[in-house]
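Read from first to last, the chains carry the letters A, B, C and D; within each, the first residue is number 1.
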Amino acid sequence: MYFASDNTAGVAPEILEALGRASTGYALGYGNDEWTKRVEQRFAEIFERELAVFLVPTGTVANSLALAHLTPPWGAVLCHAESHVATDECGAPEFFGGGIKLVGLAGAGSKISAATLRAALTGQWGGPHHVSPAALSLSQATESGTIYRVAEIRELSEIARARGVAVHMDGARIGNALARMNVSPAEATWKAGVDVLSFGATKGGAMGAEAVIFFDPKRGANMQDRRKRGGALASKHRFIAAQIEAFLANDLWMTLARHANAMADALAAGLAAAGCKPVWPVEANEVFAPITLEADKRLKAAGAMYYPWPSEGMSVGADKMLVRLVTSFQTTKDDVDRFLALVGSE
Amino acid sequence: MYFASDNTAGVAPEILEALGRASTGYALGYGNDEWTKRVEQRFAEIFERELAVFLVPTGTVANSLALAHLTPPWGAVLCHAESHVATDECGAPEFFGGGIKLVGLAGAGSKISAATLRAALTGQWGGPHHVSPAALSLSQATESGTIYRVAEIRELSEIARARGVAVHMDGARIGNALARMNVSPAEATWKAGVDVLSFGATKGGAMGAEAVIFFDPKRGANMQDRRKRGGALASKHRFIAAQIEAFLANDLWMTLARHANAMADALAAGLAAAGCKPVWPVEANEVFAPITLEADKRLKAAGAMYYPWPSEGMSVGADKMLVRLVTSFQTTKDDVDRFLALVGSE
Amino acid sequence: MYFASDNTAGVAPEILEALGRASTGYALGYGNDEWTKRVEQRFAEIFERELAVFLVPTGTVANSLALAHLTPPWGAVLCHAESHVATDECGAPEFFGGGIKLVGLAGAGSKISAATLRAALTGQWGGPHHVSPAALSLSQATESGTIYRVAEIRELSEIARARGVAVHMDGARIGNALARMNVSPAEATWKAGVDVLSFGATKGGAMGAEAVIFFDPKRGANMQDRRKRGGALASKHRFIAAQIEAFLANDLWMTLARHANAMADALAAGLAAAGCKPVWPVEANEVFAPITLEADKRLKAAGAMYYPWPSEGMSVGADKMLVRLVTSFQTTKDDVDRFLALVGSE
Amino acid sequence: MYFASDNTAGVAPEILEALGRASTGYALGYGNDEWTKRVEQRFAEIFERELAVFLVPTGTVANSLALAHLTPPWGAVLCHAESHVATDECGAPEFFGGGIKLVGLAGAGSKISAATLRAALTGQWGGPHHVSPAALSLSQATESGTIYRVAEIRELSEIARARGVAVHMDGARIGNALARMNVSPAEATWKAGVDVLSFGATKGGAMGAEAVIFFDPKRGANMQDRRKRGGALASKHRFIAAQIEAFLANDLWMTLARHANAMADALAAGLAAAGCKPVWPVEANEVFAPITLEADKRLKAAGAMYYPWPSEGMSVGADKMLVRLVTSFQTTKDDVDRFLALVGSE
């Protein structure tokens, strides 16, 4: 019953095997290898267009490099106030961007609405006194387990681009979002106005492998320099590429994401049935639900792992607490059933 | 015959197996796992003292975080002019350090001599007009395949520390250096005055795993913040820890390093016998030797991989070229023999 | 009728004369001159303690150097959401701090309340995932022309310091605040818990001269290096010192500030009498008042200079607009009377 | 006998008077004033072309902003190893450039030769491993009091530009250089290939006023943001503009520079006659000459001010020392004569 985070899971067996296969023989370092070439090719196919790909070992560095590449030092990134880039990366985007400013916008379920974005962009911006909005960063799925639908992405992108603001998508859980929407990767990204995507594989089932994807390859010029001086160019690069190759092969990433989502759905349904209805739509692999303090005790005693997740301004009653439950490719139906049994046994 | 670099090798089987074992079950992310705890404990044993360890995915980020932690923005790092930190990291230490200055010192075989360091420290330093020397960075082994002996490290450290300059060791190939000297890790590092060590495992046989080690744990305060905002904190951290755990277990790292060194020795001996005496002492796993242009053609035709390595101010004659040959844990005696046969077959 | 800003005024005659006197003869550059020594001495007397002073040419650089010195790169500065450092310096503190985060707090009249600060400090802070609060920055006077009273400063400082958070005061208009409160500089700063003060002279009547004052001189260690590499060490430093010397001599700064405050008071009284009561207490040299659109037309036609100042969430009626009026040492009673006549002539 | 530096002089009377005149009345801050517009216009006339001008208070910030604007974070600035930007600004260009690398080239008399530049550019450059050369910075006059002639600037610029390297000129003493060469400002700058000029007025006779001039105005896009966030946008901007306006009016800058140069010539001639021939050509307002230790004692006793200036690798004999003598607009013939009398009285 390990629902603390999807990064507590291991590595999908197909990916582990790919690492083993990649370890035979020799290959040039720093991305000059066949695995990397094949991954680049594969991404171009999946996204149905020419693009520029940069593989990196962590999600933090993927987001930070992407935002720093889109934003001049005097620029601002508009993002949700609860977004990972704004709150959970210890200022990494600010560091990589040479002191850029992340401007947090409000919005229910960790989503930015079109109205909020429009209002934000009418504020005082621009030099010499004010920073200039340069990028909009959307988390897909969000920190509340919700997702941006294609029409929403398109509307936000249009507002942003009309102001010369580029669109970044933090896709640490993009597989979960795509699996839910059942739209093509292209439709949910560049065709809807996304300029740069942090494509996440680690949470989805890899060991440590992320990709920064520029849908306009020219925008990726000099990213290789930025990645290297950002300490994020792996010397035995083929092992990052091999992870992603296996992740993408035979639609493994979608299979894994669908499983995680299904486990979240099962949790959500069971919790609702037990009177603990999730507070936000369960659209990816995260469930935020109020459970009783009694249930919490029982669950903890039984070894369940998850975090309390107090939400500012949201009251769930004195005898309840809001918790976050994250499922992964590794979550079993048995885990879910045992968890639900403990929740509802009062 | 793959002598291009030690990062062209794969992963040692013991390490691959450890990754597989680590992938079962769940573990908290970001270093809050048992593998990480065990690695920290193991390093303390190996180095015979309390210390602070920070695992990271690349050597560039290990060096950059270490140097940034030792050096205020108005500080300078003294290093060899040919050192990896100065020439091959695209300015990563400067970036991580907020614009610190790397001051390259001269020296045969990529080694800094005590006299050179002393002279450098008598220059114009200190605020407000000049940067202040804050760290000395020694590469072990060096970019020329030479090593600093314990007495040399001690002398350089004493000179540095007398000026308040901390001592950093870029140990991307520290295993090779230790294997050659046959001294304990403690003797060759903190007992000789090293304050911070970038401990390399990737080149030695891991997939992508390095450690920044502060011998005085207090010096490592806030490194966890710097690492995170440097994009170098792995979410599935146990997989970096598992690599290093296997690398250290049963002295695997020393076994692998000794093999690589032995292969370099065999190359060096054969080359010398063929009239292509290495130009610098072969003290680790790199051989720099002049080969004839004819031999180069034959080797290339046979698929041998290596880089030409012109050395400023060193002439090897019009019909020869200086090449760099790097061995690894994966190099076979057969590779070496075939290479030597092609060199000497004229 | 020039109420656009206090930086539209010229230079107080006493200060101009001091510049002329300082221009005779020679003096060593970079602060090694007698003017600088005397200013340091004078500040120590005025603030009744040993301190460290660093003179700089602009207020932006004074604030940025001060905040960067108090805040590690992984740190946060808590400040009012409308504060100058947060909104009007184009990200300068973020740049000087190597990517620090400025966290904007809410509060009426641009003031942070104790309750707000307390609540802010109970949030999620600290590494490795979150930035750490390192400094509280208070604007004195604020962007709304209000001031922090001594008891308020003390309460806020106690809350901050209890959390290890240093207290910075942006004193671009500290003279106006002190003149209003009629307390000693010491009482309103370090005795109330302020660690570092950006002491402003430019807006008060100088040409371009500010001082960063560390009340604990040890905290100012290496600020000379930071100032130099921040481009803020004047070579003919005596001319910044001479400005401040004259500003401080014979209490000129207080005389000038009292005059500016009196002019603001006269404006406020007249506006209130004309039915345009200022929306925030007039406690320094700024008045924020709603005037009719008709009055605005008349004023503009007569050449009056001031800025509209829409305040988020504050409605002043469809036929009125909120404007900001800033007085200075140079403002005349005649200016004020003419302005008021035009406001009220309906 | 104040030869310590040209920044020990005061302010030219014409400039002081201009400051007084500028102080009457009101003017918008931050460069939105008539003085600034006139200065921009005047520079365009003097340099015979459209250009973009940014006034700043110090030479350090002028150079740092200019180099940061020309150089991406992964770029390098090629400059003389003894240049002010490389040695005397405490790493300011590195800071402003987000960690750029300054690569010091050798050359007699602090000048870079075409051959040296050509050789430097054939080295290992470019991503992802190496930084990329982005700017060449030439000091005019140099730190050794020599100057680059127009043909030399043109040759160096051609070499640089052929590699996509922009050309910056640190013109802290450009007036002295132009006065010596008797060529037009245009000929010695953009017509010879200079892209950006740090135009110095402070050393020439102003109080604290420098200009960054982009000869291609488009290159200056967003410099206003960089200047502001670099803390270098003066609020009472007209007072920097007024200094430069007076400096440029009636060729005052040339008159002042010619005087300083003539005083240096007189010193040089007298020293040569006394057997203390300057070691580098005296082409601006600096003289580097060996004087006897006895003369040094006499001069010091008489209150003469100057710095010893040991030059690496240059021996002037055991009984002599190399000193630097800097003249300024304020130096008198009497100062020179007294100095020479003391030198030669043995």
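Basically, contacts are C-beta pairs under 8 Å (C-beta built on N, C-alpha and C of every residue); 3 or more make two chains touch, one makes a residue touch a chain.
Not measured: the values here are computed from a predicted model.
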> Among the chains, which one keeps its Cα centre farthest from the Cα centre of chain B?
Replying inline: C
>> If I rank C-D and B-C by number of C-beta contact pairs, which comes first?
In response: C-D
> Between chain B and chain D, what's the gap in Å when you average each chain's C-alpha atoms?
Replying inline: 42
> What whole-Å value do you get for the distance between chain B and chain C if each is reduced to the mean of its CA atoms?
Replying inline: 51
> So, what's the distance in Å between the C-alpha centres of chain D and chain C?
Replying inline: 34
> If you look at chain D, which of its residues touch at least two other chains?
Replying inline: 30, 73-74, 89-91, 94-96, 98-99, 127-129, 131, 225, 228-229, 233
>> Please output the residues of chain C touching chain B within their complex, sorted ascending.
In response: 30, 72-74, 98-99, 127-129, 131-132, 222, 224-229, 233
> Once bound in the complex, which stretches of chain A touch chain C?
Replying inline: 73-74, 76, 87-91, 94-102, 124, 127-131
>> Quick check on the complex: what are the chain C residues that touch chain D?
In response: 2, 4-5, 7-11, 16, 19-20, 22-30, 56-61, 64-65, 89-92, 94-96, 202-203, 207-208, 225, 228-236, 239-240, 305, 330
